[in-house]
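Here the structure comes first, spelled out in structure tokens, and everything after it is commentary.
Chain naming follows the written order as A, B and C, and within any one chain the residues start at number 1.
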């Protein structure tokens, strides 16, 4: 679904340029190369013990996979929303605060600090997912039924979300002092790979199964490209748009679980701050048109990890982290320029010329 | 360059990935000449025009213009405009919410200051000289499409163009408006402007043009003086083969004989939608081809949209094979075996960025359901089958449909609905903006399908096309069904008089 | 089926949003449980509405010899510090204590100013102000003076003439930083290799807490900074910063985090890498703000130090008002609150209960 096919003719410069995976992979390679030149030890991976005495993997690459998980999960939902509605949900950070708050509210049963679960974690997760889906549905309703611009519609929760999150827990910041609560944000005892990455990969697997065994890929793209035609072909565009927001809601709840598990508590005003911009950037970095239509899920997910790669690289080289947005801005500019049809056309021509020259030589 | 020619294109070549759109094409336009550029869809007309106007950059060849001693460099539409090449497209490319004068001068004023009085006076003068019934201060959207088109031409003329390109300017005009446009073209011709006229209407070519250049498959077939090329020959040149006489396609292939007259595949009573049509009754038999006819805007499209549930049905009852059913949205109709090829291909038909394959399987996929996706292999099989069957010209099944020519897009949409294997197929203007060859193919296909037992409702602006295919015509006027014609009543004259109404 | 699901989901969503909306307006009058409900409406776009109007109206009706105070604060949802601060004020300024209080919360200066003007018009006796921004308050404070409303600043200072307010009750962030750094120096390590995790750059807390450390590092040859990054008060970012240092295999023995959340994030990274921390362990962990859970970490000797940023200003304000009412004058307008630093080796359960927020 939405996969860009490489042409069967095999290696061809212009075909690679046209491939949607080109941009995120090129960005990834560029970053990888930079690190390789600057400090090859960046890639060292060690198997050591964590504080609980279990063997775990560590190193920058592992950190990237670990820390980029929430973003990758969000990118899944954001890609679908973007494809179907031609707009983006800017409330995901705020709704992560809500979902995280719900998880803590259920697990702690309203107490400030607990040493045992007041309710099973799975119950907390399910309730959080339901709540997130409802908030997703709220966004979806505004967009699909009332035809409000997605950015404008989600502005409501963007502004109100963190307060709702605080309200859910009576404005307290519950702390879960149960070892097993940290499993989702750290390691499963005895398993050396960070749990967030495993969760992210499960989500990725699930979405690919969904794309494979349902027609949601085709429908979202069709609705995003031409709503009229889609309707005349029996698709219900309202439902599809609505559905994408609800799916994003599920992604939000899962991301929230990881976030609160990482530190066993929450801070409503800063948790997942500005993550919506990163999620949108991931979609764009994946070469997907932010105006909707065709999408490539793989590219978005790679895009998410590219952003984390950039972040980790900047931390590694001790670039002041408040300068991070500036670097992201540079990426966005490059991206916009690269994906502009004019530039692509020129690049393709350049590729054709190079190929022609090569032939003459050989 | 000959003395009286204003434009000469030599050895123009242009390739797109997978397609050689133009191969060494020559074209010559003289002063004061109306020159038709003819060819099937995908023959390269649009590409040639776009190379000339700087939308595409040519891969090879040279363009010479009068007054220039060396080859012209055209890299952008702006370049073309500066060299005196103006284009008026099929779709109006002006700004409807600005005034006529503003539209005529937009992008041409120098400096910040604008003298509106002078501008309006200037605009009025040009409009008057061209006999265009519009005022400079009038908002453009308040003019009819024809007038808007003429304003676009006036704008081009005022920019002192030497070459005026009219790309399908008449497709949304009625007869009267076309006549006005032709008058304007003849006036311009007298003033020495060279006009390139691209159209699908053969009648119009013979009415107004002096010369014809025919393209086929990206290559030049030839340039002819109009008197030397009778219609049949022109069509033959365009198709590259002798045309089986178009008027005879109905003879033996017409198998339909009211054989299952008793069975109404579809029957509607007092059907009415929110699109402003009066309630109407309608039925169609198995294997029948019928049609709605009437002037543009008479409500014929709205009727079939109501049948398909494309507009909101507010009244009436529907029976399929005698059983009462409810059709409130397209999917309901599809489930009952009804397919609908919409009038506006771009807006309602194609999903532009999706591939030919995805466009073809779409309806069948929706019908199969959300949880039963058609496998990739299967979808390729379907797509390839129909690409072959309908002779769709595409680089591959994965080519985005928007990069196909109009006629081939239409074939894809047709393939989409045929793949669904409907019992009742509604075709609303399937042949609009399509070249002659494809038109005939589609008409033949309709009759073939009908002989196989499919019921077809066919709508076309070209009456003779309807006469050739339909055995029964529902005539509409002012959003109301005003008559039904069958058998010996199926003649041009009878249709005209029914549409016109009154005593004659 | 689809339709049904849609319908149900929609109606649930509507109800949920209604509840969220109603919650704030209906519960507002009940001032006792206000922190939670006010939170929902505070950042809403309309600043004027954020004023707790019902309470003020009741005040007009029932005001006998009660002192009317209008309290303008930042959003209680901003941080645990603010929550404690708001609760402290709410607990102090009650009718039982002789006050008629109205509250307004916003993180936006202009909304705060609008609320202040409304309170002045309502004729409050005292305007208690924790300003979101340091500038733009001159006009309002002059209005207050003309109307006979006395202004007391708490927690945050503003750029205005001293004559415009009666007192300013503040934390001395520089002193907080010095207390912490002195404590750290007292640990007498052979070498100090510090990961310094900063708050939002430019905030008063960040400046004060960073300055003490920066000065010390500059002065001592055995002190060095391994990494100095802002995590913007965010635990997540702090974890990444420390993780990055660990991944680079750089040695460090002190984590100096400018709030508890960031210290917690840092510790999460340490735990992953099995780096021991706390009393007598490899890495010293320092935090600020004295969250209850943070003090418990101290009590369990997982962390080493936590610096207080005293949110309990109500007592100080109360004293100032009492003095003014009694006709006394306030000699020193800037009142710096006592602030403690807790050491894991000496902290008691009592401290946790008293000072934890």
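A few remarks follow.
We take it that a residue touches a chain if its C-beta (ideal position, glycine included) is under 8 Å from a C-beta of that chain, and two chains touch if they have at least 3 such contacts.
This is a predicted model, so every value here is computed, not measured.
A centroid comparison over C-alpha atoms places B as the chain most distant from subunit C. In this view the innermost chain, defined by its CA centroid being closest to the centroid of all protein CA atoms, is A.
Separation between the centroids of subunit A and subunit C, computed from CA atoms only, is 32 Å. Distance from the subunit A centre to the subunit B centre is 44 Å, each centre being the mean of its Cα atoms.
The distance from the centre of subunit B to the centre of subunit C, with each centre set as the mean of the Cα atoms, comes to 69 Å. For subunit A, residues touching at least two other chains, in rising order: 236.
Within the complex, the subunit A residues that touch subunit C are 41, 44, 48-53, 56, 58-60, 62-63, 67, 112-113, 133-135, 137-138, 141, 159-160, 162-164, 166-167, 170-173, 175, 177, 182, 185-187, 236, 239, 242, 246, 259, 262-263, 265, 267-273, 311-312, 315-316, 318, 320-322. Taken in their complex, subunit A has these residues touching subunit B: 5, 14, 212-216, 218-219, 221-222, 225-226, 228-236, 293-294. Those residues of subunit C that touch subunit A in the complex are listed here as 2, 6, 9-10, 12-14, 16-17, 20, 23, 35-37, 39-45, 75-80, 83, 201, 227-237, 239-241, 243-244, 246-249, 261, 264-265, 268, 270-276, 291-293, 296.
By the touch rule above, subunit B contacts subunit A in their complex via residues 17, 308, 310, 329-331, 334, 340, 342, 347-354, 358, 362-363, 365-367, 369-373, 398, 416.
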